[in-house]
Structures are given as structure tokens and as C-alpha cells.
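These notes open a run of structures that come right after.
Same chain, two partners: subunit A is paired with subunit B first, then with subunit C.
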Partner chain A sequence: MSLIHEIDYGTPASRSARQVTLTIDGRAITVPEGTSIMRASMEAGIQIPKLCATDMVDAFGSCRLCLVEVEGRNGTPSSCTTPVAPNMVVHTQTNRLKDIRRGVMELYISDHPLDCLTCAANGDCELQDMAGAVGLRDVRYGYEGDNHVRARNDGAINAKWMPKDESNPYFTYDPSKCIVCSRCVRACEEVQGTFALTIEGRGFASRVSPGAHEHFLDSECVSCGACVQACPTATLTEKSVIAIGQPEHSAVTTCAYCGVGCSFKAEMRGEELVRMVPWKEGQANRGHSCVKGRFAYGYASHKDRILNPMIREKISDPWREVTWEEAFSHIATEFRRIQYQYGRDAIGGITSSRCTNEETFLVQKLVRAGFGNNNVDTCARVCHSPTGYGLGQAFGTSAGTQNFDSIEQSDVVIVIGANPTDGHPVFGSRLKKRLRQGAKLIVIDPRRIDLVRTPHVEAAYHLPLKPGTNVAVMTALAHVIVTEGLAAEAFIRERCDWSEFEDWAAFVSEENHSPEATESFTGVPADLIRGAARLFATGGNGAIYYGLGVTEHSQGSTTVMAIANLAMATGNIGRPGVGVNPLRGQNNVQGSCDMGSFPHELPGYRHISDDATRDTFEKLWGVTLNNEPGLRIPNMLDAAVEGTFKGIYIQGEDILQSDPDTRHVSAGLEAMECVVVHDLFLNETANYAHVFLPGSTFLEKDRTFTNAERRINRVRRVMTPKNGLADWQVTQKLAQAMGLNWNYAHPSEIMDEIAATTPSFALVSYDYLDKMGSVQWPCNEAHPKGSPIMHVDGFVRGKGKFIRTEYVATDERTGPRFPLLLTTGRILSQYNVGAQTRRTKNVIWHAEDRLEIHPHDAEQRGIKDSDWIKLASRSGDTTLRAQITDRVSPGVVYTTFHHPDTQANVITTDFSDWATNCPEYKVTAVQVSPSNGPTQWQEDYNDLSNRSRRIAGKIQAAE
Partner chain B sequence: MSHDQGREKLIRMANQIAIFFMSQPKTDRAKGVATHINRFWEPRMRKHLFECLDEGADGLMPLVVEASTLINRPSSPTKLDKSGGVAKPL
Partner chain C sequence: MTMRNSAGEIAQRSRDIIRDRKHLEGPMLPILHALQAEFGYIPDIVKPVIADELNLSRAEVHGVVTFYPEFREHPGGRHVLKICRAEACQSVGCDNLADRVRQLLGIDFHQTTPDGAVMLEPVYCLGLCACGPAAMLDGEVYGRVDEHCLSEIVGRLGR
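Then we have the complex of A and B:
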């Protein structure tokens, strides 16, 4: 194993179809028109010296090192900014060029510290490399003159020197090592799109400045790491590299955070992770990253990780560490006892979107083949289950239609109920890049999310709807498109069921669906809806991206159908640049759904009542499968409270914190007799567990994740599982203890079983993924290279189905007692319930959940910024601090759910989507009032947490 | 959650499904409700639904009642399986 080195071509690739042939140093090379001489040379194997150029950003031409001579042209043009031309003859190494380059390097080095041996970039420094490449042997100017290197010159203070900025928890900025190449500034601008960095001053006084001469932490910097990656010297360096040293080997793996599924190189020294660097060839992220994937991996070695299995008789007892064998035998005995006592259907399992395909496949197999029922569900229940249902109905398959590259060809983008710059930051950056190139944006969100107006990006329309009125707004958009004759009739006639379209068109054309009629309850001015509809229908390639602000409503599935209707009505399906794109919350939401984690369907979205599908698995597994759908997570909890559901195996989920109506969840868990939690940490659910099985992190796994674009990516193990067993082995041993004859020797055998039983995965294997890098399902005989875009020649279900979408107000209404609407979301630096990110230095950006409230609502209640407030709904109450902002409209409040001491889900209700029981997190009627301390619930819960984290024989370390 | 609360929730869920299908073309309504419940409701939930129906359908929307003839009545009311749950080999 060695370090993966990626070739830096110096400038981005040209997309031109026209080819140009030229000669560089006597070698003929053919490249696309528009390619720089620098890139063409690199492709021919000739590395022109360079400092300010890197292929992640556009050419800049400032370092004057990459000069070349072109026959028939005057001077020495910079090769990064000079495009190739037919029959051009280029020389990259002449005496004239050698002299110029050496002279330039001499100047750079005269203002640079010569501490190479003790420098963190030693061995990975482009300045060092270039000094070597140009043959620098002497610096005639000396080092004594004006400089940025030393704090004092001859005893006097050197005003040009700036101290190191160590404010960011993950990287340092050392201005004394900066050569002002602007690569960081351009990476922040072009790749990340935040514009946090600039060059202040002029000439010799030029310095890189975060914000307006601020510290990195105080600036707009979002800590994505692009600048650190771009820096050719040690000026911007990961603190982990400073602490450990340069890595010596690396492996390409997949991030374990959001559904973008970025590819990273895990750069290692022995079994120690030195840093995570985004992989340029990763097709989801194209070499970019966010603060979570790039830096927030410290949880993997956090002291809170539990490494031994534990058991306790009652949840009031302290935990007792046991052997794996004892744990498995205890669970098997308990589960079988429960089944004997209460019936076969009294136990079940939950798979996790944080776990891999192979792990979720095994858990659902354990439930179906071992428990003998279909009581298996996954956390997608509480996020994207309406996507599964809605898109399944409309198109015939439960997945997004595009790849992420598709955004590069979009002209109009609707973002509804999603906040990509926080929730899916790398996609957010790719979207912003396209918007800066001129694509138009329509944001449909109760909150003024960053995308509405951010540097060099401004939404053409922001429709600030009242929470819960998505269906009305989407149907009103359709009303305008149909009644103004903007529907794509040719597409619809060819691809969709025409009579269903006619029925739907008549439905949306009814006057009560017009923007004017719905304005009074959606809160969106009719002219905004009309403008947005016209823009989407006529603006070119139209793409819709949506998130949990769509699904987590009592009409979540209806809104998904309305989105599908809108895409079909405007002909925006089946080619690059268009489509319906669910932004998945967790990294393997798509995969866990694909793997048959839902109680009603087997892998590949095939209903459990389908005899042929059951037959496939029955033959392979040697069991008879139950043909009835099993319980969904909320149904399991209801059945537990009722007394007919008594045991559960939960892998990698924290339902107590993440699921709605915490009191109901805890009542359900408390009513069970054997709760098994398989996780990295004693999470909140573990407060109610009887058995704890330690899990392993993505760094300790060889497996696959499937991201939001259906891309199956390899996860590669770079360290030994600290808990001794890989997660699939834990499930396998549990299955064996329950009498199942499982014998997988390697996770690739699990993928082989998936491929053998699931037509859309037919060609997928570890060998094939290694060969292809990654593939997007369906990947089978018909699509051997996978399917970047779906429904290209027709819908999976045959004809696209238009479905009427009538708006029905949620039962959750505001009134005198609870006059405000609470909606929830996430923030860039934290992830889901925070179990991982709270155990990293990311807490520096978000140490607590805050309640966003409009100044008007705050003033009425006598609430000032940062005051403690009580947030109450009919379900419960909690306290947190207020943040006064006009990002939310009057009447709407907003918070995140990353911290267990806030327990935002004590507030949320048990209302859910009509089709899938996906909880209605996004609408809760609440009241806000000043408070002077935690509620009784918070105090009691804290007590319970402390008590249930006791481990016999271990003294609890003070925090 | 008491028995009553559980039943109230089940009735609300059934009615939510009915409300969606009420807006669909007339021929699809009862069939739509029944198919949805057959495909997604575990037998225990359908058993409770039939208990509500058998006791006079109090609180259930007429469309749920209409659809009930098409909903699969669980074969044996969540009979306890004393086999210990081991799936039988073919």
C-alpha cells in the first residue's frame, strides 16, 4: 500500500468537443480546444514548473514560473493562461526560461523562512519542489531586507510580520510562509463559493485575509478545507499533519456523513489517520469536501466509545461488561423467550442509514429469516419514506433521477424544503457554482435560507410559505403552468399516460388551486407563484432538489407526487440538467432503502406479498417468508405500548433522540423486555437498553454506501475495529446464536448475495466497483456501466403517472395556547442527532441548539437575544436559548435537534404522513415564553442519562 | 398510550388515507384505500381496524367503511405463535 498521488494538471479540463493538435518539446499532443498549454504539457507527461496554478481553480497567471516560449510569438507567455492553438510549437525549457524562473524563485525564497526540516509541509511542499525543479542554488538578495518572516528585524518590531492564526480547530494559517499565490482565495471563491478570503493590501504588503482582516474562526469561513488543499506551502496546514507528520499510505473511501457521499483519501501513518483529503476522481464531490467529512472524524477515537459488549437485567441497573459470546447467547435466549411468550411477531429490528449496505442487508435478513416476521424498518421511515412511496407511484422507482454532475447543465433550479449549504454542503457548493454561471434559482422555504441571498448568488424567487402548505404551493405552480399553456405537451404525450394527465390538468386548473385562491393560507403572494411557475416552465433545463422540508409532513408523500407532476408537466425528466432529486439526509438512506429495510418490501423495492420475489429469497435462505407487511417504527412503538411488541435489535440508530414525541418513544422502549442497541456510543436510546453491542466506525470497515444519486461507493478499512468485531460479524454471530446457518467469510460475499437476488444490482461486486470506481444502480446487463440518469427512454413503470394532489391542512393547528409554528432543521457543523459531531471540535461552531424567533414575536414576549426560553407544545416542553433573527417569518420559529439536552423532539407530535407514517417534524404548534432554567423533563432526563451510563467496576471520568 | 389513544391514532391514520383517496378519480377511491392498507398495514393494525369497524365504525370516514370489504381481514387475530418464531425450512 502506498500514498495515492493525484496528478495536478494545473488548470481545469476543457469540455470542448473540438480537438487541437500541437507540439510541445518535440512531442505531438492532441487535446480539446480551450485547454491550457500547461494542461496539455502535463497530459504529454511534461511538468512545467508552477506555483499559482492548480487544476481545482481557474488559471490566474500570477507566479510567473510557468512561462514558455511559443514559436512565432513574442515574449514568454504563462502556460496556465495561454490556450493551445492548432500546430502551435511550444518549448518549455530554454536558457531564457531557465533564467527567468530561477530569478522568480530567488525572489520568493528571499522572503520565506528556511526552516524546511522542521516545517509541517516538509516532503509535501510545492515551493520546495519548485526550488529544486528550477535549480535554485543561491539567493543573491540575502534574507535581511524587508520581509514577512521574522517578528523582529534587528531588534525592532517588524510590522509586516503576522503571528500564526490558530483559531480554526482543524488548520492553522501561518502568514510568514505565504507566497500570495491566491490559490486559497480562489478555492474559497470558485470551489466552495463562500468568498471568505481575500488579498488585502497591494504589492509587497499583499496578504491573505479571512474576512476583513479577521481570524479564520471569526470570518465567514465554513472550514470546508478547500483552501488548505489548495495551499502549495505550509501556510494553511491541517493541525493533524503538524501533530503527526506526513502520511505514508492512503486508501480511497466514502464519507460517513450526509447523502452526498463524498469520496476521500484516508491518509494514514500506520493505523493512525493523519487526514482526510477529498478525492478528485470522486464523482459525487469532484474533489471538494465540507467541514464534517474533511475534519470531523475525531469521534472514531473518542473516549466515549464503548468497546466491550454489556448487559443489564433492568434499565435501572448499572451496565456489566460481558464477553461477546455471553451477549449473543443472552440476546438469543431473550428473543426466543419473548417469541414463545408473546408470539412470533413480538420482536423486530431497525437498520440504519449510517450503516453500510451489507450491514442493513444482514439485519433485514436476520429479521425476515431468523425472527420469522417482517418487523424491520429503517430510519428512512422518519426522513425519506415519502420519497420512496411518492416517486414509486409516479415513476415506478424509489430514487432520485439524476447524478450530481447533472447540476452543471441546469438552467432553473427549484430548491424546496432543503438547505443544501448546511445540510448537503458539497452539493450546495456545486449548485452555487452553477448559479454564479447564470442559472436561476427558486427557493421554496419558510425560512430565508442562505441560498436566498449569499455572495454572488441571489434567488430569482423566494416563496416563504407557511409550514405545512407545500402541497398547495406546488399545486398552484402547476395551476399556472397548465392554465397558461406552458405544459410540455409533446413530452407528456410521448412519456406519460395522457388520460391521467388530462384528469390532473383539469384538477389543477380548478380556480381553488390558483395562486390567488391559495395566497391567504400559504402566505405566498400570488404574483411570486406566477413568476416562479413561468420561469420554471420556460427557463430551459429545470431541476428540482428537495429535502426533509418536503417529506416530514402529514402530506409528505403528496408533495413528492406534486414534485413529480411538476417535473413531468414541464418535460424535465430523462436527460442531464433536469430531474427530481431527493437530497438524502444520511449517507446511506438510499442504500438502506434499496436493501429491503422497509417492512413491506424485500431488496430492490419488491413487495413482500409478491410470490416470485419471496420465492427467490426462500430458496436461497432455506426458509418460508411471511407474506404480510411488518410493523413500521412508529407502529412498533404503538404495539410496544399496547403490550404486543417486546424486543428489538437497533443497529446504529438513536430513535429516542431522533424520533418524534420523545415521551411516546420512551414509553414504548420502557415497555419492552429486551432492547438491544448496537452503536458506537451509549446513545440516548441506550438509556432504555438491556444489551449494548459496540459498533465500529466507517474507518474500520470494508463495505459499500449508496449515496443520494444511487451511486454505490466503496468504503475501505484503514484500521482494525477497536471493538474487535466488524458490524456484519456482530449480526452474523447473533444470527448464528439464534440458530441460523450463516457463514459469510467476507462482506464481499454479502454483496454477491445482493447481486444474485436483486436485478438492479446484478453486476455489482467488489471487484467490479474497484474496477469502475463506483456505479449508479441499475447496474445490470441492460446498464453495464450503471445509470447516471434514469427514465431516459421511458419511465421504469412504463408511462409516467400524474396524480391529483389535493391540499389538506394538517391537524396540527395554531391556536390561543400554541400560536407559533415550530419547524426544525440542521446546521452545517453538526450532523443528525450529533452523536458523531458533538464528539469532535465542531462544537466550536454550534455548542447548543438555539431557537430562531422573529424580532416581532420576541418583543411581544419580552425575549431578548440569548435569553433562556421555554418552548412548549401539546406534547411537552423544553428550554433552550433564543436567537432573534428575521430569517424566520413572524409566527414561525425554528430550531435544530443536534443536542440531547435540548430534546427538541419532546416538543414534536405524533402526527405523520398519511402514506408512510413519516413523522410531521416540520410543523408543531408551540408557545414560547421566558424561562429561568431547565424544565422538569430535562432535569429528570439528565438524571436518567447519568444513571444509565454507569458501568460496574468503572469510575465515571469527570467530563 | 392507553387503548383509547391507540385506537384514536389508528382511526386518524385510516382517515388520513381516505382523505387522500377522496380527491382521486371516483373509481379509484375505495380500491386505493384498501390496497394501501393491505400493502402497508401489519396484520395487528388491520385487526384493530376491523375491531373499530365491527363495533360500528365510530369516527371512521365512510370511504374507509366502503373500502373495508376489500381490506384483507387478518386470517387469525394475531394468534400467538408458540413455535418460538423459528422460520420453518422449506
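Then we have the complex of A and C:
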């Protein structure tokens, strides 16, 4: 294995269909029109010297190193800014060019430190490479003159010198090494879209400045790492590279955070991870990253990681480390005892969206084939289960319709209940790029998310609806489109069931669905709805992106259907630039749903009652499968409280922190007799566990993740599991202990079994993925290269189905005791329950959860910014600090749920989606009052938490 | 130009100035000129205000402000005297003139007299090459400036 070197073509690829042929250094080459000479030359295998050009950003033409001569043209144009022309004859190396380049390099080096041997970029420095390429042998100007290199010149303070900025936890900025190529500034603008960097001053005084001459940490920087990646010198360098040195080998893998599923090169030195660098060929991220995937991997080697299995008899006992064998036989004995004592259905399992396809497949197989019931559910229950149901009903598949590249062709984008710049940052950047090119944006969100107005991006419409009124707003949009005759009739007649459409059209046309009639309870002015509807229906390619602000409601499934209705009514399905796109919270939400993690579905979304499907698995597994759906997570907890459900295997999920109504969850867990938690850390759920099985990180195993665009991406092992076993091996050994004859030697064999049993994965194998890079399911005989866009020639279910979406207000109402509505969300630097990101330096950006409250509501309650407040609902109360902001409307408060100290889910209620039981996290009636300390519940819980994390007996090493 | 101490007042006044001009095509430079005319310099605290009003980042505003030597980041004198030091004026003796004016005012370029009366700045071409050496006082240009003329100008500055 060696370091993967990606070719830098210098300028972005041209998309032109017209080809141009030219001659470069005697070689004929044909490239698309609009390609730069530099890129054409690189494609022909000739590398023109360059410093300010890189193919992630547009050409700039400032370094004057890439000059060429073109026959019949005057002067020496820069090859990065000069497009090719038919029959052009280019020379990249002449005596004249050699002299110019060497002269330019002399000037660069005359103001650059000569500490190459001790420089962090040694071995990965383009300046060094170019000095070599142009044959620089001396610098006629010397090094003594005006410079940015030395803190003192002849004893006098050098005002041009600036000290290193080490404020960012992950990278340093050393202005003395900067050659002012502007690559970082352009990467921040063009790739990330934050515009946090600029060049201050001019001429020789020019320097890169974060914000208005601020430290990186204080500036607008979001630490995505695009500038560090773009820097050709050691000016912007990962602190890990400074500490360790240059990597020597790398493997392409997939990020373990959100549903964008970015591809990274894990760059290694031995078994030590040096850095994660986004992979340009990654089709989800196209070479971009965010602070989480790029930098926040420190949790993998955090001291809190548990590396040995542990057991305890009662949850009040301290933990005792045991061997793997002892742990497996203990679980097997306990689970069999419970089944003997309380019945076959008294145990179950929970799969995680943070685990891989293979691991998830094995857990559901263990439950169905080993436990002999269908009590398997996944954390998608609490996030995107309504997507599965809603899109399945409307289109026939439970998945987003597009790939991420599709956004590049969208003209109008609706973002509803999602906050891409925080939750899905890389997609957020790609969206912002398209918006800067002129696409229009409609934001439907109770909170003024960044996308509503952020440098160079401004939403055409922001519909600040009251939490819980999604269905009414979506139906009102449809009302305008239908009653104003803006529906795409030709599309509907061809692709959808016309009589169902007529029924739906009559329904939405009713006066009580008009924007004017719904304004009073949605809080959205009617003219905004009318404007947004007209824009979406007439603005060209319309795409809808949505998140948990849609699904986590009592009408989550209804809203998903309303979104599908809107897309079909405007003809926005089945081609690039349009579609319905759920933004998945965790990297493998799509995959874990695909893998049959639901109690009623076998892999590939086939109902458990379907005899043919069951037959496939029964023959392969040699067991008889139960044809009745099993218990969902909330049902398992209810049954536990009732005393009929006694044992559970939870892989990679922290239900105590992430599931609603924490007290109910803890009561359920407490009532069980054998709770097995399989995780990296002693998470909150483990406070109630009897057996803890240590997990392995994404860096420690081979497997696959399926991202939000149905893309199956490889995850590659780059280090030995610190706990000794990869997660699939743990599940396999547990199954063996329970008497199942499983003998997978490699996770690729699990994927082969998935492919053999699941039609939409028929052609997927590790070899095929290695060959293709990645594929988007369905990937089978009909779609051998996968399916970037779905429903191209017709809906999977045949005719698209319009469904009536009647708005029913949630039972969670505000009243005198609880007058405010709480909604929850995520922040850029933290991820989900924070188990990973809280154990990285990301805490510097978000050390605690805060409650966002409008100045009006705060003033009424005598609350000032940063005050401790008590947040109470019908379910419970907690304390946290307030942040006063007009991002939220009066009457609405907002918080994140990244920190267990806050336990925002103590507040949330047990109301849930009517179809899928997805909890209603996004609407809770609350009261806020000043407070001077933690609530009793928080104190009790902290106490329990500390007690239950004691580890008494240690053993030397895991088997 | 009046003195304003409160940051809040500066922010509010600059918001008014910006709103009057944000509809212009390429509004940043007219806004910066107007702000400098108002405050005598571009206070740091107005950069985020400009950024907010024009929907830009702070960095972008900072980049523009620092690019143009015309825009000062610190208060200048009540009067600004600029001496052209570009090639044409150099050829007709502006260097001597520059030495003389520094003597007369007792300050170097980019400095302000201790009483706050005059700030001295170099400028690279006022477009008066045909009648150099050239100078500019508070926006008014002078051609064929000699020592006598210079003394007179400096003398008029109320020192």
C-alpha cells in the first residue's frame, strides 16, 4: 500500500460537449471546449509549473509560473487562464519561459524561510517542488532585504512579520511561510462558501487575513479544512502533521458522521492516522469536507474508549472486565434463560445508523434467525421512518430520488426542516455554490437558519412557520399551485394516477387549505406562501431537500407525502436537478433501513408477511421465520415496563440520550434483566446495561455505508481494532454462542449474502465497489451501473400516487402552564448525542447546549443572555443556559441535544408519528424560568451516571 | 466632522449612511468614502455593519478597506495634505519638497501633527503630471508647488 496521489489538473474540468484539438509540445490532444491549456497539458501528461492554480478552484493567474508560449500569439500567457483553441500550438518549455520562471521563483524564495529540513510540509510542499522544477540554483537578491520571514531584522522589530496563529485546534497559520497565492481564500469562497478569508493590504504587504485581521478561531471560519488542503506550502498545516510527520500510505474510506457520506483518504504512518483528506473522486463530496469528518476523529483513540468486555449482575454494581468468551456465553445463557422464562418474544435487538450495512444485516439476522422473533428496530425509528413510509407510499421506494450532483442543475430549491450548513455541511456548501450561481431558495423553518441569509446567499422566501404546522403549509403551497393552474398536467397525466390526482386537487383546492385560511395557525403570511408556490412551480428545475424537521412530528409521514405530492404536481421527479431528497442525519440511516432493520421488513423493504421473500431467507438460513412483525423500539420499552420484555442487544446506539421521554426509556431499561450494549464508550444507555461489548471504530474494519443518495461506499480498515474484534465479528461470535452456525471469514461474504437475497443489491460486491468506486442502488441487471436518479422513466410503484394530506394539529398544545414551543436541532461542530464529537477538540466551538430564546420572551421572564434557566414540559425539566437571539420567533425556543448533562430529551414527550411511531421531537410545549442550578433529575442522573461507570476488576488484555 | 465616542452611535450612523447607498451598483466604495468623510477614518466596528448590510463577510470588507491606502483605519488629522511622489513629480523635484514639508510639519509621512491639525500622506500620481510637483489639501489639488507655496499652504492650516 502506498500514498494515494491525486492528480491536480490545475483548473476545474469543462463540461462542454464540444471538443477542441490542439498541440502541446508536439502532442496532439483533444479536450472539451473551455478547458485551460494547463489542464489540457496535464491530461496529456505534461505538468506545467504552477503555484496559484489547483483544480478545486477557478483559475486566478497570479503566480506567473505557468506561463507558456502559443505560436502566432504575442507574449507569454498564463496557461491556467488561457482556454484552448482549435489547432493551437503550445510550447510549455522554452528558453524564454525558463528564464521567466526562474526569475519568479527567485522572488518568491527571497521572502521565504529556508528551513525546509525542519518544515512540516517537507515532502509535501509545492513551493519546494516548483523550485526543483524550474531549476532554481541561487537567489540573486539575497535574503537580507525587506521580508516577512524574521521577527527581527538586525535587531530591530520587523513590523511585517506576524507570529503563528495556533488558535484553531486542528491547524496552524504561519504567515511567514505564505506566498500569497490566494488558494486558501478562493477555496473558502468557492468550495466552502464561507468567505472567511481575504488578502489584506496590497503589494508586498499583502497577507492572508481570517475575518478582519482576527485569529482563525475568532473569525467566520468554520474549520472545514478546504484552505489547509489548498495551501501549497506549510502556511496552513494540520497540527497532526506537525506532530507526527508526513504520512506514508493511505486508503480511501467513508466518513462516519452525517448522511452525506463523504469519501476521505485516511493518510497513515504505520497504524497511526496522520490526517483525513477529502478524496476528490468521492462522488458525494467531490473533494470537500467539514470540521467533523476532516478533523474530529480523535475519539477513536480517546481514553474513555472501553477495550474489554465487561459484565455486572445488577446495574448498581461496578463493572467487571471479562474475556470475550465469558461475555458471549453469559449473554447467550441469559438470553436463552429469559426466552425460556418469559417467552420467545421477550428479547430483541436494536441496530444503529452509525453501524455498517454488514453489521446491521447481521444483527437483524441474529434477531430473526437466532432469537426467533422480529423484535428488531433501528434508530431510524426516531428520525427517518416517516420518509420510508411516506415515499414508499407515493413513489414505491423508501429513498431519496437524486444524487448530490443533481443540485448543480437545480433552479429552485426548497429546504424544509433541515439546516444543511450545520447538519450536512458538505451538501450545504454545494447548495450555496448553486445558489451563488443564481438558483432561488425557499426556506421553510421556524428558525432563521444560516441559509436564510449568509454572505452571498439570501433566500427568496423564508416561511417561518409555527412548529407542528408543516402539513398545513405544504398543503397551502399545493392549494396555490392547483388553484392558479400551475400544476404540470402533462407530467401528471403521463406519470401519475390521474383520478387520484383529481381527487387530491379537489381536496387541496378547498378554501380551508388556502394560505389565507391557514395563516392564523401556521403564522406564515399568505402572500409569502403564494409567492413561494409560484416560484417553485414556475422557476425551472425544482428540488426539495428535507430533514428531521419534517419527519419528527405527529404528522411526519403526512408531511413526507405532502412533499411527494408537491414534487409530482410540479413535474419535478425523474431527471437531474429536481426530486425529493431526505437529508439523513447519520451516515448509514439509508443503509440500516435497507438492511431489514425494521420489525416488519426484511432487507430491501419487503414485508415480513410476504411468503416468497421469507422463503428466500428461510432456505438460506435454514430456519423458519416468524411472519408477524415484531416490536418497535417504543413498544419494546412499553413491554419492558409491563414486564413482558426482558433482554435487549443494542448495537451502537444510545437510546437513553437520543430517544424521547428519557424517564420512560430509563424505566424500560431498568425493568430488563439483560441489557447488552455494544459501543465504543460507556454511553448513557450503558448506565442501565448488564453486559458491555466494546465496539470498533470506522477506521478499524472493512465494510460499507449507504449514504442519503443511496450510494454504497466502501469503508476500509486502516488499523487493527483496539478492542481486538471488528463489530461484525462480535455479532458473529455472539450468534455462535447462541448456537447458530455462522462462519463469515470476511465482511465481503456478508455483502455477498445481501446481494444474493436482495434484488436491489444484486450486483453489489466488494470487488465491484472497488472497481466502480461506489454505486447507488438499485444496482442489478436492469441498472448495472447503479441509479443516480430514480423514477426516470416511471415510478417504481407504477403510477405516482397522490395522497390527501389533512392537517391535524398535534395533541401537544401550548397553554398557560407551558406557553412556548420547543424545537430541537444540531450544530455544525457536534454530532447527534455527541458521543464522538464531545471526545474531540470540537468542544471548543460548542461546549454546552444552549437554549435559544427570542428577546421578547426572555425579557418577559427576566432572562439575560447566558443566564441559567429551567426548561420544563409535561414530561420533565432540565436546566441549561440561555442564548438570546431573534433567530427564533417569539413563542418558539430551540436547543441542541449534544450533551448528556442537558438531556434535552427529558423534556420531549411520547407523542409520535401516526404511521411509524417516529417521536415528535420537534414540538414540545414548555415553560422557561430563571434558575440557579441543576434540577433534581439532573443531580440524580449524574449521581447514577458516576456510580454506574465504576470499573472494579481489570484484566490485562482482551482475548 | 464631529467627534463621536459611543460605538452604538457610530454603528447607527454608519447603518444610515450605508442604507442610503446600498442600492448603488458596486456600493462598497461609495459607502467607504462616505464613512471616511463622516468619521475621518473607517472604524473597525463599522466593518461588520457593512458586511451585514451588503450580505458580505467581515473578511471581504476588511480586504477592500485595507487594499486602498485612501481608507484609513485610524483617525487622521483635521486636514490631510498629500504630496505626489510618483515618477513625473520626482523628475521635477518632489523629493526635496517632501523633505521640506516633513521639516515644516515636524512629522513623517503617514503621521499626524501632535495637535491633530494635519496628516501627511504620500500619493502616487494625482494625474497632474504636466504641472508637477503636485499636492492635494483636503481634496483640493495644487500644481507646480514650490517651497514658497508649500509654506503658505502649511501656514494656512491654523498652526
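Keep in mind that, in the parts below, the second predicted complex is superposed on the first by the 952 of 959 C-alpha atoms of A that agree within 3 Å, B and C clash if a C-alpha of one lies under 4 Å from a C-alpha of the other, contacts with A are read in each partner's own complex, and residues count from 1 in each chain.
Here, a contact is a pair of C-beta atoms (placed from the backbone, for glycine too) under 8 Å apart; a residue touches a chain by one contact, two chains touch by 3 or more.
This one's a predicted model, so the numbers in the text were calculated from it and none came from an experiment.
S.K.: Kindly classify A:Glu806 by the partners it touches after superposition: subunit B alone (first), subunit C alone (second), both, or neither?
M.R.: It touches subunit B, and subunit C stays clear.
S.K.: According to the stated criteria, A:Gly739 is in contact with first (subunit B), second (subunit C), both, or neither; which is it?
M.R.: First partner only.
S.K.: Would you mind checking which one, subunit B or subunit C, touches more residues on subunit A?
M.R.: B
S.K.: A:Pro86 contacts which: subunit B (first), subunit C (second), both, neither?
M.R.: neither
S.K.: In the overlay, answer first, second, both or neither for which of subunit B and subunit C A:Gly630 touches.
M.R.: So A:Gly630 only meets subunit B here.
S.K.: In the superposed arrangement, does A:Asp345 touch subunit B (first), subunit C (second), both or neither?
M.R.: First partner only, subunit B.
S.K.: Could you say whether A:Pro890 touches subunit B, subunit C, both of them, or neither, answering first, second, both or neither?
M.R.: A:Pro890 sits against neither subunit B nor subunit C.
S.K.: Could you tell me if A:Asn917 is touching subunit B, subunit C, both of them or neither one (first, second, both, neither)?
M.R.: first
S.K.: Which subunit A residues come up in both lists, the one for subunit B and the one for subunit C?
M.R.: none
S.K.: Write out the stretch or stretches of subunit A touching subunit B in their complex.
M.R.: On the subunit A side, the touching residues are 335-336, 339-340, 342-345, 347, 369-375, 503, 507, 554, 558, 599-600, 607, 609, 618-619, 622-625, 628-632, 635, 638-639, 641-642, 644, 664, 667, 739, 803-806, 808, 811, 910, 912, 914-917.
S.K.: Could you pull out which subunit C residues touch subunit A in their complex?
M.R.: Residue list for subunit C touching subunit A: 44, 47-48, 51, 55-63, 66-67.
S.K.: Would you pull the subunit A residues touching subunit C in the complex into a rising list?
M.R.: Touching subunit C: residues 194-202, 209-214, 219-220, 453-458 of subunit A.
S.K.: Enumerate the contact residues on subunit B facing subunit A in the complex.
M.R.: Of all residues in subunit B, those touching subunit A are 1, 3, 6, 9, 12-13, 16-17, 19-20, 22-25, 36, 38-45, 74, 78-90.
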